[in-house]
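Note that the chains take the letters A, B and C in the order they are written out, and that residue 1 is the start of every chain.
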């Protein structure tokens, strides 16, 4: 009994950490990984998750903690699906942004490729875009870099090939040695010119702060 | 990633000046402008690889400081030219205002740093809807052809032209001691003797006059000119003593002034 | 009173829906969108979110609901960062340099602002810093100066708000709060004092011409 009371005190912090980890996870987190991070036996983790799940049920939250695919994750409650559906239909952008398409193209041509390799090509943090692409099922984690750090490696999915109507990434137009296209050469040459009136107008209309991407 | 212009200790002229005034000086009531000017000029000399714009900014502030300091060297104060006095005050107030603004944003920057550090400790949920809703997700790839993926790849991997920012709307005074020296070395041997007032009468910008004065001091130090002032606030007479041989700017070691 | 009780009943469902939607969102959800989906006035949504946030606080969860960059989102609690960072391999956040923070401060308070205006405040060439900030997505070109030269004007992005953990630039403290205090102003004034006649004599003795700028 005394043992159990001591465990309870530790639990409070562990349970909060559990919630924090599960919240930021984008896929089910395996028990073993949770056990390792929280420095607790797997059995304890399972037990904590179970009681957390029933605590959410009792409190009547709109989300639940479920055990799925060998791990734990938060998800919205089934009865609230109509709201979630409305959110997905109303709230999602219907077009892949230019940045997302570029990132997808990099993954397609360079797979398997790590987040940091993508970052070094695009010059920006690709996390948000990768999440979007993954949530749409166009890319997925295809393994880990065997080197130090074991970075997650990304690749395209069969769904991606299907949407593009090709059988394999080899069917994508081949990449030849880089030759800057005319537009780029011109831009380099004109580095210091005043933009023409037409450019100015389009710049002003398209570059409002509110349109700036938030997580690309 | 671009190399940020920075000096070993100070990131810019305001940085340096703020430091000299706010930190070096123990007793603010005993602040000696001369000390600041000297320390400032010393620091500028120490800076080897300043780019032109930064160097100009440093120089501009140095010029103002030198002018303030020169005030102390001038004999007698009874018949001060009111216009000049006023101009100097304006110059000083401008510098003061810029220092205050710079200090203000330095302080805001620190607050931003604290906010960012605090915010960095929290991680956002960004998981997106689970597979139960996959059907609803609009197909973002609809209509996208392999050719467009190819084009996007080329766009992503093509080195972007450095975004050059337009400068023409800015009327920066690009005064430079080296250029001033070159002009003086061309002009003075020809005229032999001239007053400072005449030498600078065509200049509109105050800074140009100051830079010309600095160049003249340089020549004086090198023993190429004599400077005479017959009376208080009288014209400064400049006499070329460098002989008839052409002296090139490169023969004078003035590297520190170049951008 | 009866009215209030009725509201409560509706609220329970709305609050659960709110939780479900926020759980599946991958970026901050604007109040307006929530209001539209939940068919509630925006003010009610804001109020519900606020009370939900404080309910989480009181319950001591490992996550929190915050208002950020114009919307609401779930995030892990700051004190649990050590656990979350163990989970997210690439969790290390890049810190911004002093120069970057100062430039960001100027852009935040003076936007839209041109490169040369920033240069004149900081006294240094801001191009490198501006490129860094833009590549991180914290600032963006928001248009062009209508005046001659049509300078590119810069402004902050939603990503900047997220970086600082604030909802809007209007939440930043007024700039007057940062104006240096009297002591600093006095020190600067003294430092740049134009000497009176009395000072002149003593200065002459200490300032030899050798103090003139030299190139040696």
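Details
As a working rule, a contact is a pair of C-beta atoms (placed from the backbone, for glycine too) under 8 Å apart; a residue touches a chain by one contact, two chains touch by 3 or more.
Predicted model, so just to flag it, every value in this text is computed and none were measured.
Set against one another, A-B and B-C show the most C-beta pairs in contact at B-C. Comparing each chain's Cα centroid with the centroid of every protein Cα atom identifies chain C as the most central. Rounded to whole angstrom units, the spacing between the C-alpha centres of chain A and chain C is 24.
Mean C-alpha positions place chain A and chain B at a centre distance of 45 Å.
Taking each chain's centre as the mean of its C-alpha atoms, chain B lies 28 Å from chain C. Along chain A, residues 20, 23-25, 74-76, 84, 88, 127-128, 131-132, 135, 194, 215 each make contact with two or more other chains. Counting partner chains per residue, chain B shows two or more touched chains at residues 123-130, 133, 166, 168. Across the complex, chain A meets chain B through its residues 20, 23-27, 73-76, 81, 84-85, 88-89, 92-96, 98, 100-106, 108-109, 121-122, 127-128, 131-132, 135-138, 160, 163-166, 171-173, 175, 178, 180-181, 184, 187-188, 191-192, 194, 215. Taken together, the chain B residues at the contact with chain C in this complex read 1-6, 11-15, 18, 20-22, 25, 28-29, 31-34, 36-38, 41, 44-45, 51, 53-54, 57, 61-62, 66, 68-69, 71-75, 77, 88-89, 92, 95-96, 98-113, 115-130, 133, 163, 165-170, 214, 217-218, 221, 252-257. Across the complex, chain C is touched by residues 12, 15-21, 23-25, 29, 33, 37-38, 60-63, 74-77, 80, 83-84, 86-88, 90-91, 115-116, 123-125, 127-128, 131-132, 135, 149-152, 194-195, 200, 203-204, 207-209, 212-216 of chain A. Those residues of chain B that touch chain A in the shared complex are 123-130, 132-134, 136-142, 144-150, 152-159, 161-162, 164, 166, 168.
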